[in-house]
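See structure below.
Every chain is named by a letter (A, B, C and D) in the order it is written, and numbering of its residues begins at 1.
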Amino acid sequence: MRKLINEPKDFVNEMLEGIYAGHPDMVKPVDGNLRCLVRTTKKEGKVGLATGGGSGHLPLFLGYVGEGMLDGCSIGGVFQSPSSEQMLIVTKAIDSGAGVLYIYGNYGGDVMNFDMAAEMAEMEGIRVMQVVAGEDVASAPKGKEDKRRGVAGIFFVYKIAGAYAEEMAPLEEVKRVADKVCANVRTMGVALSPCTIPEVGKPTFELGEGEMEIGMGIHGEPGVRRGPLMKADQVVDEILRPILDDLPFTRGDEVSVLINGLGATPKEELYILNRRVAQVLKSEGIKVYHTYVGEFATSLEMAGASVSLLRLDDEMKRLLAKPANTPFFVQPQLQV
Amino acid sequence: MSAKNTLTGNDIKRIFERIADIMEETRDWLGELDGAMGDGDLGLTMSTGFRKAAEALRDLDEKDVGKLLAKAGMVIGQSAPSTMGTLMATGFMKGGKAVQGKEEVQLADLAALVHAFVEGIMARGKAKPGEKTIIDSLHPAAQALDQAISEGRSLKEGLAAAYEAAEKGVEATKAMISQHGRPAYYQEKTLGKQDPGATVGMLVLKGFVDYMS
Amino acid sequence: MRKLINEPKDFVNEMLEGIYAGHPDMVKPVDGNLRCLVRTTKKEGKVGLATGGGSGHLPLFLGYVGEGMLDGCSIGGVFQSPSSEQMLIVTKAIDSGAGVLYIYGNYGGDVMNFDMAAEMAEMEGIRVMQVVAGEDVASAPKGKEDKRRGVAGIFFVYKIAGAYAEEMAPLEEVKRVADKVCANVRTMGVALSPCTIPEVGKPTFELGEGEMEIGMGIHGEPGVRRGPLMKADQVVDEILRPILDDLPFTRGDEVSVLINGLGATPKEELYILNRRVAQVLKSEGIKVYHTYVGEFATSLEMAGASVSLLRLDDEMKRLLAKPANTPFFVQPQLQV
Amino acid sequence: MSAKNTLTGNDIKRIFERIADIMEETRDWLGELDGAMGDGDLGLTMSTGFRKAAEALRDLDEKDVGKLLAKAGMVIGQSAPSTMGTLMATGFMKGGKAVQGKEEVQLADLAALVHAFVEGIMARGKAKPGEKTIIDSLHPAAQALDQAISEGRSLKEGLAAAYEAAEKGVEATKAMISQHGRPAYYQEKTLGKQDPGATVGMLVLKGFVDYMS
């Protein structure tokens, strides 16, 4: 293992201690519970936005807790769901009477735990609604959208729902917009190398030096095809086509682009991918409103990248453009 | 210990110790079963979860079997928040509710418990029999308990029948295609493989059977 | 090579095309010359801030061109200096009469080319001053500060000089503050794996799976010690001590911390490092004003990290806190 | 071609072709020399730089030797912006300035050229003799040219003496400790190794010598 860590078993908690030490003005643990992270400030009457998920995906999930985005996050072990109890703790901490919206990725363990947490919260008199993000077109065919994994595209859900909640929109409304984002975002990725869970100590899967897997999930879930590593432009063509065809995105659409690195892939390469994405979208007559390039949802030190497209309407565009300020993502007001 | 026809809270505590032992003994095997199409953590989560549950029960001054089971479920859910941990939490909490208030449970109570357990899991996981999950070992087990009651069997005989049905259920999962969790991504490739979660269901029953003999 | 690229020889230009495509509102090439990048907007009478350096270090160098930071950047091949001609082109494009300040890292090729560019610019009637950043304490002993390599700490120079220039401070003043930052920042790092220059195709150096090199430079320049990989806390202790002793940083000082990933190291690990840095600083009685954690100066897909400390005074603190908005770095106004 | 005692712009153009060939022939060797303590790009940058320079000169309708040399320097600087590329750019631009306006150069002009070249490099690189750089081959070469002039030698003889002095200078760098560029980080470890930049200086002179014979 080529890792800068101490004891593998302390990986998550020490990472969290580093986060609280680094951003004391922005986030804090609930009652000393490191794995229940909330904003330092709470706005009365605002809908609380909570997420949660396994560790190992920074900035996901906790990295988006902050102004203009989320209010709290429950944190699981590496690639493991947090418990429903943690989720309940976060829910109670962030509710200020307007109810709480859960936004999380479509993974069995997370879904069940958030379901349980929602039931418990309701029993405590907190209104909870849920939005499950699943936009990886490689993970299930069209028609089975509800089986799709949630990957980097959840960033758009956080960003847009977060901006709306910040405007004091009511729970149903925030949920409506969050659902709309889920319905309009699509992602597909490619992996070039595995990653190693600290407590496991060996790679999650094997992938030879000259190999890639198209459509692989962020925990190493199987993709659609494994084969020799292709040129960047070919890779883009191969992952962009299913995205475009799925929604489908058509001439005249306006989209926001997210080029996401999985961990070990340099930003230089992400921009080489973006070059091709921009070319293809241009030739398809699809307009790009704003491009995000960087690491938004990672798998530890996995090499690879994903491309997400969000089809915008005026409402989503207005909210996407709003400012945000979290430990991992800062955006000034964008020109609309 | 012969002709024992009820289980008290104390028995339940010792059964959880036995289940924890079984999960520890089978840890690597469960890990391998899960690793084939899943993330391979099942041995780890189940041995940790049941050990913590057994420890929590040991220190608990509580006679109500239902409350003990509910407590065990909560502990497993917190210490192993994986799919199976969460399903065990739901199952034991729902199952516990079905026998709440009883300081001794009979075969009929156990049947109610397992039925509630399975229904809880089905609701939580939005799954039904035949989809290659833990349900496929526990649902036949619940039915076997019903049958044993209608045939007037003893507690020991009933549990043995349930275990046997669960074993067959596990075997039957080999012919199924996974519809839930990570293995579902592999679809047809899951044919021929036994479901790790169903295996866990069977092992939990084995804990009861082992304790009775 | 595990790289998402097309032809190795097109690596730099295609990366740049991706950057221009992704941030058309923020940066543009000078007269179609991809390797001469400037801000889209120009403020009359403002001192122009230019940098430049080799490719392969994103966000360095071009990533800090934007509001509140730099005005232009000349871009070289991977790990190679840009030419003095490119520097001159950028200089002419960003000068608006108030003169231009060059801020760049202390590497032979860059120094000579910027010197040449400065001479040529002076001949064209543009006032040019220079600030050379070199703060890697592992690269030369105390007393030989002018031999030190410039690494991630240059971010602080850009940030603070950029904020000052934005306030319309004159050239001499911006240089004074930039020099002050250089004098007060120290960095040291550790490498866990090499990187591969696309056109070379094989790793720049060998480093076994369980090995690390303390003090290694961002092009693989030799460090102070190579040995078996240690625990994160020990690594921090080993690189923080020389930093603290060098300035020296003492009880009562206030610093800004920069934990920089070299490319392949996950953010989780960077925060584990930050945890220990915060602990040590606390025990030394050194106050932390603001912590930056992320990738600020990389070496393609090299694994490893560096720690930088900037000793603040009121002037630097005020300027550090100012907002910035570039393609790779966004900061809202911080609380001072 | 015997007893040729001046060089015209045309000769200079052909000398650059020869130097480009030499850099190509020695590319791997230069790369290895640089790779030992540096980044190993020297073979690549020098073969590219001199080839581009030779090509640029070929197409140039210019008789002024000084301007030709300055142009060559500019092209090398742009196409090979490494340390050596930049030093070559500086050297040829300064050297060119020293003979500007001349359409034919003699041994004395060449001496002035090499002196200006070396001084330009010293100013640009803030280096002096003995610090294990290109200066350590070219500075002795400049002195050898002075000596040859005072001894009344021919152009060919003078250049041969300069080349010989450069060769000795390269050999002498083995006993020096690097003070500049990447190798300087290695300090004592650079002992025993010949300096790659000094080697390039010697090879440039070899281009002149080869052309003369």
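In this text, a residue touches a chain if its C-beta (ideal position, glycine included) is under 8 Å from a C-beta of that chain, and two chains touch if they have at least 3 such contacts.
Computed from a predicted structure; not experimentally measured.
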**Message:** I need the common contact partners of chain B and chain C, sorted by label.
**Reply:** A
**Asked** In terms of CA centroid distance, which chain is the most far removed from chain C?
**Response** B
**Complete:** Chain-centre distance (mean CA atoms) for chain A and chain C, in whole Å, is 29
**Asked** In whole angstrom, what separates the CA-based centres of chain C and chain D?
**Response** 34
**Message:** Roughly how far is chain A from chain D, centre to centre by C-alpha average, rounded to an integer in Å?
**Reply:** 57
**Asked** What parts of chain A, by residue number, touch at least two of the other chains?
**Response** none
**Two or more partner chains touched - positions in chain D** = none
**Touch-based graph of the chains, sorted into line, ring, star, complete or other** = line
**Fill in**
Here the pairs of chains that touch are A-B, A-C, C-D
**Request:** Spell out the residues on chain D that touch chain C in their complex, using ranges where they run on.
**Result:** 39-41, 74, 77-78, 81-83, 85-87, 89-90, 124-125, 180-182, 184-186
**Prompt:** Residues of chain A touching chain C in their complex?
**Reply:** 2-7, 11, 14-19, 21-23, 25, 55-56, 58-59, 63, 190, 192-193, 209, 229, 231-233, 235, 257, 259, 263-275, 278-279, 291, 293-295, 298, 300-301, 303-305, 323, 325, 328, 330-332, 335
**Residues of chain A touching chain B in the complex** = 76-77, 79-85, 108-109, 112-113, 115-116, 139-140, 147, 200, 204, 217, 219, 221-222
